[in-house]
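Okay, got some structures for you below.
Two complexes follow with chain A in common, the first pairing it with chain B and the second with chain C.
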Partner chain A sequence: MSSWLDYTINGLIIGNIYALVAVGLALIFGVSHLINFAHGSVYAVGAYIGWACFTYLHAPLAVTAPTVMIACAGLGVLIERVGLRPLAGSARIAPLLATIGISLVLDQLLQIIFTPDPRALTSPLPNWRIQIGGGTIGALDLLIAATGIVSAGVLYFFLRFTKLGWAVRATAQDRDAARQMGVDTDRVNMAVFAIASALGGLSGLLVGMYFNHIDPAMSFAATLKGVVAQVVGGMGNVPGAIFGSLLLGLTESYGVAIFGSSYRNLFSFALLLLILVLRPNGLFASARSTPPEPLTGSFVMPSRPVRVPRIAVIAAIAVAAIVPLAGAAPYVLQVLTNAWLFAMLAISLTLVAGTLGQISLGHASLLLIGAYASALLALDLHWPVWASVPAAGLVTALLGTALIAPAFRLRSHYLSIATLGIGEMVGLVILNWESLTRGPMGVTNIPPLQVGGVELDNPRAAYWVTLGVLVLLALLQTRLLRSHLGRTFRAIRDDDVAARAHGISLGRYKAIAFAVGGFSAGISGGIAAHLYSYINNETFTSTVSISALTMVILGGLGNVAGAVFGAVALTALPEMFRGTAEYRMLIYGLALLLLVRFRPQGVFGTT
Partner chain B sequence: MSVMLECRSVTRRFGGIVAVRPIDLTLHAGEFLSIIGPNGAGKTTLFNLISGHDAPDAGRITLEGVEIAGHAPETIAARGLARTFQHGRVFANMSVRDNLLVGAHHRLRAVKPRLPGLGAVAELALALLRPPGVRAEEAALNREIEAIAAIFGDRLTPRLDQPAYALSYANRRRVEIARALALRPRVLLLDEPTAGMNESETLEMQHIIGDLKAGGQTILLIEHKLDLVMRLSDRVIAMDDGAKIAEGKPDAVRQDPAVIEAYLGHRAMGEAL
Partner chain C sequence: MPLSRRTLLAAAALPAFGARAAEPIVAGVSGPLTGPNAQYGAQWKRGFDLALEGINGAGGVKGRPIEYDFQDSQSDPRQSVAVAQKLVSDPRIVIELGDFASPASMAASPIYQRAKLVQFGFTNSHPDFTKGGDHMWSNSTSQAEEQPNLAKYAAKLGFKRPALLHLNTDWGRTAKDAFMAAAPGLGMQVVAVEGYLAAEQDFRPTLVRARDSKPDGLVLLSYYADGALISRQTRDTGLKLPILAGTSNYSPKFIELGGQGVEGDWVMSTFFPGDPRPEVVDFVARYRKKYDQEPDSFSAGAYDTMVLFAMLCDKYGATREGMQAGLLDIKDVPSVIYGKVAFDPATRRVQGATYKLLQVRDQKFVVWDGTAPAAG
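What follows is the complex of A and B.
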């Protein structure tokens, strides 16, 4: 029994930490209907500022904590200014994409300044502990609990009894009406971002102290946990966010107790998906859900797509095909081969996010499924590679569609969050299903590409194979878009209510689109596995998903030629600067931010 | 005359508010029935209940004898019920042609074989392969929607390949009606088709709807412009506060004191009718 008490206490403490992040996210969502994906970055920045204060200034906690809060509040104001305010008139998903861009920029700056290596953040608090049951509670646990309770109290007081707090609540309920009444909503937003970010930074500091460990990757993890807690409690609901955080902490703690620590995150995402499917408006929403929003998840700007003449397409393919013969260095061929693989992922994503209007944030998981499917078919079942790669495409089409199908009825932000959660779950299942996937060791000695006994493991052959497959998939998709399915997908994107009124069953056509997209992505992952010869659960991470989204927006959502262009541009350009991985993601982050702000229709225009 | 659409004691509540009180409605084949009433009377809610965009809390709705209350809108559409939306819901980023073709979606046969279980796979394969049957169907549908566009004179025909977002407001309303017609509806529900149109545009729309009626189309109409209602309707239902307050011939409903009271607030304004 006592161990259960320990797990409960531990779960509540972890939940309390999540609450500090989730409350900030809830406040921001409450007033601006924005899921601030940069919130985790603020939290990581807070941890690093705290580390710098302790290490370089030898400052006591009483000085460090306020410093962190003030600095992070400033950062929050900056995020509001850059990521939200200029996008007031655009699609609801636009600021979300902008904050993803900001988050990439902040995370990469942290990596560049502080290196990706983890650091110790030693708690300066006294080291006494109180015995409770079989476990103990230390000074830091109490400080974290007190911080949670005090900040909830201060927040309550602020929202109930101050003029700015009233303005915040009025803005949350009806921005336009609040503005009519003379509320300066920009100032309200700024205040909310400042408060939320101060809380976020403080929680980064406390969590760093709690685990005596900080690293730049803590940012994304925190955003995910905060978002899960918020979805559980209901978006924008501050008490709900606290409850959701505690429930999440407990779920994880009990899950770890039963199954082991590598399952911790799997439980968060299982909880997320369960809530999204059963009660998409959160546990506290009234039984009857709110009427559907007029906006869908589509981020498609009215634009006249550039019509690429057939002759230009043929010329481009011809030029691409003779590059290896023109004496290009093997290194150049490898970069371009990678670009073709990315282009397959991009045409997959542009179909789902652009044509169908369902912005997926977990698309890289399709690459993982394809890579593992082809590698395991080749290694364990001794399939020839020419058969295992197309089979991987089919497996990914089926599995990917089956995984997302329960989320088909979600819209807009909720669908994006679901794809994010499903994407993370795929990686975790691969990590934990050792009997099939070989777990954390990854899959080694994957055979190279070969057709009929001829090995294609030289750069030229790999280049031509990937280019050929890409051209085939792109032509197939173009043909598909010209059929009745193309207009049916677009109808669902533009107005799913009207689409249903004309006999279009959403589930069927979403499934077809996700299956076609899954096929392309699965093929890409399958080929990649044979080119890399080694894969593990982290070969394709959420970073790849966001890169692909940036490529697709750069090319123009829904535009097949644009997707290929975006993939080549964003794969090849950073290579020209010989940037390291950190600089590459910095470029992607800035590109995403600038595109959303200045050219949402991309280079080739949306279709 | 056979009964096309029938509502029996259909009720819808939102929390404590009763948006539609138990209401009965019968629409016969070829009949033109209008629903009038002040804003907030529950007219559009009733439409949503009939078209499946909302489910009634109680009551029965049948379309040609088949129960449809609470069914999915796509199922009801496939049974031959088409509707337009009060505020207009054209597919903004699609061409007028594609808007109209989507309207005909449920009538696709060659490309949508009825295979239990594998229908979606077959549909995908046929869309990619495009055998002659599928191409012929697509060409026939294109000719058909061109004919439907021609109903609206030269309003839509020259703009068939323009994106809908580039159209004027009135033209978007026309696209919406044309899209509903492309479904070849057994019953057509029109929700304020002339909202936001000027006098001459309203008159033009009145002629078009009149022609549809003359062609035997069964129509249920919500409309505020009483002149149009009086000229076209076989019968009129007046609603107020979620309930039916009058039903009958247009003239009788117009003279009904309860209607005048509800619609205009006081009697003297009745002269305006």
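What follows is the complex of A and C.
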């Protein structure tokens, strides 16, 4: 019985830590309806500034903490002013992407300045501990808890009783109305970013001290847990974010207690999905709070798509087809093969995210399902590869749609976060379902692509096969979008209430779109498995999902030709900067930012 | 200090200018310079650079300097296959070193195999890595050999009912299985096995779970960063169990990140700064001087690999065929990790690493004095 007390305390301690991050995220979401993916990076920057203060200035915590907060507040202002404010007029997707770009840039800068090695951030606090149950808690645990509670209290006071706080709340409720009433919403936004980033930096410092460990890769995990926690508590709800964090910590701790460590994050995401499906406004939403804003339409920026003449499409395909004959190096063919595989994923994503307006952040999990399906069919059931790859497409279509189906009633950000959670869960299930997937050892000796007994194991053959499949899938999808199906998808995207009033069954059409998308993605994963010969649960990670999304947005949401273009451009870009080694991801991040800034509707425009 | 490619190439090229502008011999490297595993790529570079300083400082191989061309793959299979195509079609490249993690390394294997370019995966302990083809070689310590040694030390420390915490990746799983196989023969019964997720930082619930199985010691099959976190949190939660950690924890970072939380821990290592063998003395002294820090098992592996490469070039010719023929034949390569390196032509791996047990005493690694921990 005493162990349960220990699990409870441990859950609260880690929940406490999540809360520090979640509060900042909730504040920003509350005011600007933006999931700030750069928040984790600010948190990492805070940790490093703290480290520098301790190491070089030998500053005490009482000096270091305010320094970190001021510096990070400045960084927050900079992010808002330079990265986000210029995007005020564009679709909501633009600032979301911009935060992803900013996060890439900040993480890379940290890595270049401080090297990727983890560092110790030793807590200067006294080392006394209190015995509770079978464990102990120390001064730092109390400081972290106090920071969480005090910052929530200060925020509450600020939002309720100060003029700027009223302005923040007014802006959160209705930006346009607030502006008409004379509120300087830009200043409000800036203040919010400053406060949230100061908190983010402080939490980075405290968490770094708690683990005695900081590294540049700490940001993504923090953002992920923070987002989950604030969804559980209710997006944009500050006290809810604290409660959600504690609940998340407890769920993880009890999950480990019952099922073991390897299942840990599975419980965080299961909790997330449960809350999203049962109480999409979060546990703390009161009955009178407004339902989630129908952001679906405004999420995607309407624009006039670039009409690509049929002759140009045919010419492009013809050029692509003769590239291997024109003496291209195997390296170029391999990069382009990767691009074609990515393009299959991108056309899948552009269908659900662009045409249907359901932004998926977990699309890489479809690749995983496809890759495992094809590999296991070929190895365990001895299917020929020409049959296992299309079968993998079908399996992915079915399984992917079934997994997302419970989330069909969710909209905009909520759906995106659900897909993020489902994506992470697929990876964890593959890791743990050993009897089927071989667990962490992965699947080895996957046979190469072959048709009729002929192995297609040279770069040219792989190139042509992937190109051929891509062209087929892309033409099918273009044809589909010209039919009534395409019009229905767009109707759902632009106004789902009106669509439903016209007798459109939303769930059924969403299922069709996810199934078609799942098929392309599954084929892509299946082919990749046979090209790589080895896959495991980490072959396709969440970074692949993010890359696919940037490709789709670069090309123009919903635009099939654009998705292919985006895939080629963003696969080739980091390869072109290969000579700059450590700097290439930095350049990639900057390119992404510039793109969002100057052409948020994508190169080919949304359709 | 981060080393840029330019200073690196300049450093490698300098002795060549001094002698005569001979054509350099180039090893291709596929590994993580950016992304979540970048810290290991950085350690590789330190090991490579130190080895090259010695080799090129002494005039290179037959008057030709040795260089490496480090292509960042982020340890991502999509990029490692592109890197593989780039390296195999580059006529300067005579051997490929890396990649880091199994998905990236093994996805690229078919390409190297077809091109008959040796893929030398010096961190690839996945048992199937060298089965990818006869051009896949590895001097990574095999878990099948390492874990029985760790289990022996566990028994010597008096563990009867250890709890095992392992990283739940292909590496951690292989290590765990090998340890579990060796334990019963040494009179040990493993009472709890917890596989934790990569990038996990909070181990408190895991430790409670382990504690409830009433172990008499903890065995960590972890990397140094998570090993340090686990050990710290063990002490923070008030558990007084003795802790024994595997070789990948041997790093100055283990002590830096663990602080007082790793004091008294036992760590098995394939080499140790106080080791009197001349290769080790030389390596450690020069490493300390160049980088102002202690080497770890990752930089030692990279160093060994570069030394091996130079010897292969010298004895068997700096060609792709020379590498393959040389690996089948070469013997008695000096090594920091192994006494002398020779490859088993059947497994294409190295046997016979020497394992020492160290203990953290006063925030330093010292050789274990043989006293078993007081029964806890």
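One rule holds in what follows: the second predicted complex is superposed on the first by the 551 of 607 C-alpha atoms of A that agree within 3 Å, B and C clash if a C-alpha of one lies under 4 Å from a C-alpha of the other, contacts with A are read in each partner's own complex, and residues count from 1 in each chain.
By our rule, contacts are C-beta pairs under 8 Å (C-beta built on N, C-alpha and C of every residue); 3 or more make two chains touch, one makes a residue touch a chain.
The shown structure was predicted, so the numbers you read here are calculated from the model rather than taken from an experiment.
J.: Looking at the overlay on chain A, is there a clash between chain B and chain C, or do the two fit?
T.: Chain B and chain C fit side by side in the superposed model.
J.: Look at the residues of chain A and decide whether chain B or chain C touches more of them.
T.: Of chain B and chain C, the partner in contact with more residues of chain A is C.
J.: Would you check which partner chain A:Val497 touches, where first means chain B only, second means chain C only, and both and neither mean what they say?
T.: first
J.: With both complexes overlaid on chain A, does A:Pro118 touch chain B (first), chain C (second), both or neither?
T.: It touches chain C, and chain B stays clear.
J.: Once the structures are superposed on A, label A:Leu485 by its partner contacts, choosing first (chain B), second (chain C), both or neither.
T.: first
J.: Figure out whether A:Thr606 sits in contact with chain B (first) or chain C (second), or with both, or with neither.
T.: After superposing on A, A:Thr606 lies in contact with chain B but is clear of chain C.
J.: Give one of first, second, both or neither to describe whether A:Asp186 is in contact with chain B, with chain C, with both, or with none.
T.: Once the two structures are laid over each other on A, A:Asp186 reaches no partner at all.
J.: Applying the touch criterion given at the start, work out whether A:Ser253 contacts chain B, chain C, both or neither, answering first, second, both or neither.
T.: second
J.: Working from the superposed arrangement, determine the closest approach of chain B to chain C, counting only CA atoms, in whole Å.
T.: 32
J.: Please identify the positions on chain A that touch both chain B and chain C, taking each partner from its own complex.
T.: Of chain A, no residue contacts chain B in one complex and chain C in the other.
J.: Quick one: which bits of chain A touch chain B in the complex? Just the residue numbers, please.
T.: Chain A reaches chain B through residues 288, 300, 302, 304, 476, 479-480, 483-485, 487-488, 490-491, 493-495, 497-506, 508, 511-512, 515-516, 606.
J.: In their complex, what parts of chain B are in touch with chain A?
T.: Checking each residue of chain B against chain A gives 14-15, 51-53, 72-74, 77-78, 82-83, 85, 89-94, 98, 101-103, 105-106, 108, 111, 119-120, 123-124, 127-128, 130, 138, 163, 165-166, 179-180, 183.
J.: Taking the complex as given, what residues does chain A use to touch chain C?
T.: Contacts found on chain A: 3, 6-7, 10-11, 13-14, 17, 108, 111-112, 115-120, 122, 127, 129, 131, 134-136, 138, 211-213, 215-217, 221, 252-254, 256-257, 260-262, 264-265, 329-331, 333-335, 338, 341-342, 428, 431, 439-442, 444-445, 448, 457-459, 528, 531-536, 538-539, 543-544, 574-575, 578, 581-582, 584-585.
J.: Using the touch rule from the top, collect the residues of chain C that touch chain A in their complex.
T.: 1-2, 4-5, 33-36, 38-39, 41-43, 70-72, 74, 76-79, 81-82, 84-86, 88-89, 101-103, 106-107, 109-111, 114, 126, 128, 131-132, 165, 168-170, 172-174, 194-206, 208-209, 211-212, 225, 228-229, 232, 236-238, 253, 256-261
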